[in-house]
C-alpha cells in the first residue's frame, strides 16, 4: 500500500516545477497517480481535459505513472484507489502555509492518509502556474518555465 | 468601557474556530458584540441575513453576547457603541500579516481603539471559512469544522 | 546606464507608500521612470489613463521623474529604455514572498536586469491600494493614506 | 478575576516597546502585574534586581501596576496570583512564531490561562532589547528606543 | 533502496513530536534509521550516548527501526548506508526556513539524496526540545510533551 | 554622494553569496566599500584581520571596491565616509525579518541613510556563513559555497 502515492493539483498548466516533483516522487514511490483536479472558484485557463492531456503526454515515458481526473475530495480519491500517501511540492519561497493548511484539513478528513512534501529544485522555486500565465499573456519568453508542449498550448490560448 | 469588545467578521459561514474565539473572549470581556460584516469584493455564499441568523442562533445561549450587522467602517461601529476594543482570532498557521495590516489600518483610522488578538485552539488552526466551503461543495465530511446548524445550511446550499 | 531606474506598478491608486518609495529612489538614482502597468486579472478601480494622470500630477514637481504606461513585460520595457534596474518597495509587513517571486521571474526573463528593493517608512507599511479602496468604499477617512488628489478621485468614484 | 493580567518578560532592559504594551494593557485590564523573569540560557546584561528596579521606577506613576520577579513557570505564577490572562506584545515584524509557540506551551501547561496579544506601535516595531544593547555597546544614540532612565543605566554598563 | 530512510536529529531529548514523525515515517518507508547527531555549537543537555539510549529504548518495539550515532555529514552517512532519503518533520509553526536551508545544503552536497518532509500532528506542533528543557528546568509538567522515560531523565538532570 | 555604497557584514567567512551581492552592487553603484564588522556576541571563527584579508584578496580585481574594518555603528561609518547608502543582500529563503529590523534601526539612528536590498542568486540562497562552517567542521565538500581561498582557510582552521 505504501508504494502508491497520489500527486493532486490543478496543473493549469503543468510547469517544470510540477515535472520536477513528479520525477522526485518516482525515486521515493513505486507508482504515482497524477490527479488533475477540477478547478474550484476561478475559471481555469485550460479545461480539465486539456490539462489532463498535457500531463498525460508529458508523463507517458514513465510507465510507473498514471494520470487521472478527480472532482471530489482528494482523500476520498486516495483511499478508493488503495493509496495512503498524498505528494505535494514545497517551493523554497512561499506556499508553506497554504500547503500545511490543506494537509491538516486532509488529515482531519481522513487521519490515515499522510501528506509527504518534496522540495522543488531551487531553479523552479519561483515558478507558479499563475505567474506563467501572466508571462505568456504578454508574450514573454517561457524557456525554463514549462515544457515545450505547454509552451505551444499557451501560445495557442493567447493568440486567439 | 473596557468591558465591551466587538468581534467583527464576515462569518461566511461561522466555523468552530470562530466559536472558539467567541468563548475565549467571553473569559476576558464582560460583553461581546459579534458584528457580521457585509462582504466586500467577492460574493459571499450566505447573505448577510443568513450569516447573521446563524451567528445569532449559535450564540443565543450566552446572555453576554449581542449579534449585529455592520456595513461601514469597523472602528466607527466600535466607537459609536461605546466600545474601545476589537477582538480578532489568530490561527497558529497564517493570517498573521493580514491581521496586523488590518489592525494597523484600524489604529490609523482611530488611535484610541485597540485590537486584541486571541489564539484559536490548535485543533481549529487550519479551519478557514473558504476551505470549509470547498469541502462542503464536494460533499466532504464537516465534522469538527462547523457547528451542526451550519452543516445543515451548507448542505442546503450545495444540494440546490 | 546605472543611473536610470524603472519603478513599475499598477498604482490603483497611487498611495503615500508609493510616493515614499519614489522619493527614496530619487536619492539613489539619477532618473526614475514610473511605469503604470495594465492590470492583469481583476478589473482595476481606475482606468490606466486615470492612474497615469494621478501619478503624473503627483510627480510633476520632480524633473528627474518620467511617467509612462506599460502593457507588455516589465523587463522588455526596462531594456528598451536603456535601463537595467527595477525598483520595488518592501513593506515591513508582508509582500516579501510575492516580491521575490516577481524579481526571480524577471531575472529569469532577463538576467542582466537587477531588482533593487527599498523599504517604505514604517508609517506607510500597512498601506495597500486594495485596503485603501476598501476604506474609501465605506467612506472612511483617508488622511495619511493617499495624497489629497487621490482622496478626491476616490470620493468621486465611490459617490457615483 | 478577568480584570487582572500578568505581563511577563525578561526586560533586559525594558524598552519603549515594552512601555507601549504596558500602557495599552492598562486600557484593557484593571490591574497589571509586570513580572520580571529570570533569564534562562544566556547571561542577561542586567541582574534580575536591576531589571526589576528599572521596571518599577518606570511604572510607579501607574497605581494599577504591580512589579514582581518570577523564577518558575509563568502559568503557575499567573494562577497563584488569581489571574487568568497573560499579556504579550506582538511587533509588526517578527516574534510571531516564537510567541505562538510560547502561548501554546502555556496553554498546554494550564488550559484555563489565556494569552492576549496586543500590537506595539509601528514606531516601536523594530525595537528589541538585544538590538538596543548592541547599539548601546558601540555608543549609538538611544533616543526613541528606551526611556531616559534606561539610557543612563546602559551608559553606565558600557562605560565600565 | 527507496525503502530505507534516515531520520537525523540531535534528539536532546527526543520528544513526542519526534516519536510522531518516526511513526508516520514507518507508514511510508520499510526501514528507518534514526540517526542521533553530535550537537554542533552549544553543549547539549544529554550526552550523545544518553540521547542514543533514550531513542533506542523508545523505538525498540519497532523491528523496522535501527538507531545509530552520526558525527560527520548526514548525506555521507545516508549514502554509505545505501539510503537515498532523509526524513524531517515539519511543525505547523516555524522550522520551515531552517529545514529548507538544511535540505538545500544537503542537496548541494549530494544531489541524489532527497529530503522528505512529514508534518507533525497539530498537538505536537509547539513542542521543541529547547522549550521542553526550559519547562523541565523550572519543574513544569511534562505531560504530553515527552515520553515517560524522557520525563524521568529530565527530572534526574534538573534535580542534581 | 549617491554613487558610493557601503556593504557591511561580519563575513565570517565571506561566501559565494556575499561575492554575488558585491558583483550585483557594482552594477548599481560607482564605488563600494565592503566593511568588515567586529563580531558582536558570539566569537567569530576568523579574526577581524583574517576576515578582512580574505575579503581584500577576493575583491582586489575590482578597482571600484575598497575594503575596510568597522567597529562602531554602521550608520556613523557610512556618514563619515560621505556615503548615504547601505547595501544588504536578501536571500530567497529567510533573513527578511532580521534585515528589515536592522534597516529600520539604522533609519532610526540616521534617517538620511538608505538601505538598498539586492537579491542573491537562487543558487546562493541557502548559503549562510554559519552553515558553511558547520559543513567545513565535519569535512564536507565546500564546492559552490565559498571561493577557493576561503576553502583553504576553512581547512586550515578545522585541521588544527
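Note that the chains are named A, B, C, D, E and F in the order they appear, and that numbering of residues resets to 1 at the start of each chain.
The rule is short, and it goes like this: a contact is a pair of C-beta atoms (placed from the backbone, for glycine too) under 8 Å apart; a residue touches a chain by one contact, two chains touch by 3 or more.
Quantities reported herein were computed from a predicted structural model and do not represent experimental measurements.
Separation of subunit B from subunit D in touch steps, taking the shortest path, is 1. The set of chains in contact with subunit C as well as subunit E comprises A, B, D, F.
Of all residue numbers seen at the subunit E-subunit F contact, under half occur in both copies; the interface is built from largely non-matching residues. Listed options B-C, A-C or A-E contain a single repeat of the B-D interface, assigned here to A-E, on the basis that more than half of the contact pairs agree by residue number. For this pair, subunit C with subunit D, the centres built from the Cα atoms lie 39 Å apart.
Averaged Cα coordinates give subunit D a centre that lies 33 Å from the centre of subunit F. The residues of subunit B that reach two or more other chains are 92-93, 100, 104, 122, 125-126, listed in rising order.
Shown are all chain pairs that touch, namely A-B, A-C, A-E, A-F, B-C, B-D, B-E, C-D, C-F, D-E, D-F, E-F. Listing the residues of subunit D that touch subunit B in their complex gives 2, 24, 27-30, 84-85, 90, 92, 96, 100, 103-104, 107, 114-119, 122. By the touch rule above, subunit F contacts subunit E in their complex via residues 93-94, 125-128, 131, 134-135, 137-141, 144-145. Residues of subunit E touching subunit F in their complex: 40-41, 71-73, 75-76, 97-98, 100-102, 104-105, 108-109.
Every residue of subunit F that touches subunit A in the complex is listed here, in rising order: 92-93, 122-123, 125-126.
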